[in-house]
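Paired with subunit B in one complex and with subunit C in the other, subunit A is shared by the two complexes that follow.
Then we have the complex of A and B:
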């Protein structure tokens, strides 16, 4: 908690804040990073196997094979999420399972399954992108800004 | 050899995410948003394509590739149609990630029941 906010609190609350920060369990950074590295690397390794498969069998290039790879990985994620295995991997791996597209897929699919009880239109349809929404929104917006700047530079700046 | 680099580069991007979780105490949504935006910026600077050539799936599987392909689609269309292409081409390349997530999300909701 920032000092600004702390000043407005009564003394008991301040004491409690200090007590809380002291008692907070230190996150084992190195161990977490190692786990994230291994699991994240392993997911990308599987992705590379799928990519190689698409390049040799379906005439994709190194640049375009990313798309079918992503789709295949998200399909695998659907199965893992449905059987409740992805959560367990996530607890172990932290960012290692959240950062690859499988984490994005898991966020979408898990909310879809969870809100099923509220009906298919308002439940599944309305809440599916609840967790993944920010990624799409700011991905699209930043891509828009960057592409506009680049186009202007290329077309009128003569770069 | 590309299998090795896919593992290492993909793993390192996940470590960056883990550091944002643990050191900067960001929520997963914040972390992923920052990674997507930085992927878009890297492609804007022309750095992401060489990374894909170097690391293959190590660069296309992490969520950063999402920002990269959004910019990529927009730029491809912009070369043909000028500024309006930025809007129309945005999802040209990215569509597979979003559409497959939505399609498999609905299929998943049909197949599986929520637990707990």
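Then we have the complex of A and C:
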């Protein structure tokens, strides 16, 4: 909390704030980063195995093997989420399990399971993308911004 | 205790990332010998001489680790594999060698690829040519299929 905001608080609240910051459990930042790095990397490693499998055994090139790989990873996530295993992985790895496409799949499937009791249309259909919606919105928006920047650089910058 | 776990994670990260730069080569020494190529010749189908020339020329470059090529009288399909750490500049490498090959084979339509799938398919085709288990027509058809595959977009 900034100092200016802190000054406006009553003294008891200020005292409590100091007390709280002293007692707060420190987050092990480095450890969390490493966990995220290793688990996220491991998920990507599995993805690479699946891609190689599709290239060797089916009619996919490096270019086109990405689509079935994503589908397979999301299917595996669906099973893991349904059995409650993905929560454990998420608890351990944090961002490492949220950033790859499996995290996106988990967000969709978890809310679909959660709202099942409210019916298929207003429950599952209406709430499925509650968490994943922002991802899509800002994904599309940032892609749009990047495309504009690239266009400007290529057209007028001569890169 | 906490320090021990941090050290453990650090070591794990080190272990996982350490073996990247093992390919330190002596200056002047090239890894031509390791470039994976097989020269094929089968006069009963199409002369694979242009493909062999392409393989010779491309395997002289250090960053290329495997070359596969098959040709008919009108087309030539070439696929290369590059060393793993050169893959960062894959598109430039592809452009450069594609141009080189197009200049070399002006009378043929050159298809150039760095895709693993195309390498695998060409390898299969080379084996068929070598074993003489393929006819002229089949070869043309297979090659057409490979070209179509390499053009596929997501």
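Note that the second predicted complex is superposed on the first by the 146 of 159 C-alpha atoms of A that agree within 3 Å, B and C clash if a C-alpha of one lies under 4 Å from a C-alpha of the other, contacts with A are read in each partner's own complex, and residues count from 1 in each chain.
Criterion: a contact is a pair of C-beta atoms (placed from the backbone, for glycine too) under 8 Å apart; a residue touches a chain by one contact, two chains touch by 3 or more.
Please read these numbers as outputs of a predicted model, since none were measured by experiment.
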First, second, both or neither for A:89, with subunit B first and subunit C second: neither
Chain touching more of subunit A, residue-wise (subunit B, subunit C): B
Which superposed partner A:38 touches (first subunit B, second subunit C, both, neither): both
Contacts of A:67 with subunit B and subunit C, given as first, second, both or neither: both
Contacts of A:56 with subunit B and subunit C, given as first, second, both or neither: second
Common ground on subunit A, meaning residues reached by subunit C in one complex and by subunit B in the other: 35, 37-38, 41, 62-63, 65-67
Touch list for subunit A against partner subunit B, complex: 27, 29, 32-33, 35-45, 47-51, 62-63, 65-71, 73-75, 77-78, 81-84, 93-96, 98-105, 108-109, 111-117, 120, 124, 128-129, 131-132, 134-136, 138-140, 142-144, 146-152, 155
Contact set on subunit C toward subunit A in their complex: 2, 5-6, 9-10, 12-13, 16, 115-118, 120, 149-150, 152-154
In the complex with subunit A, residue positions of subunit B that touch it: 2-3, 6-23, 28-29, 31-33, 35-37, 40-41, 43-44, 49, 52-53, 56-58, 60-63, 65-67, 69-71, 74-75, 78, 82-83, 85-87, 90, 93, 96-98, 100-102, 104-109, 111-115
Subunit C-facing residues of subunit A, complex: 28, 30-31, 34-35, 37-38, 41, 55-56, 59-67
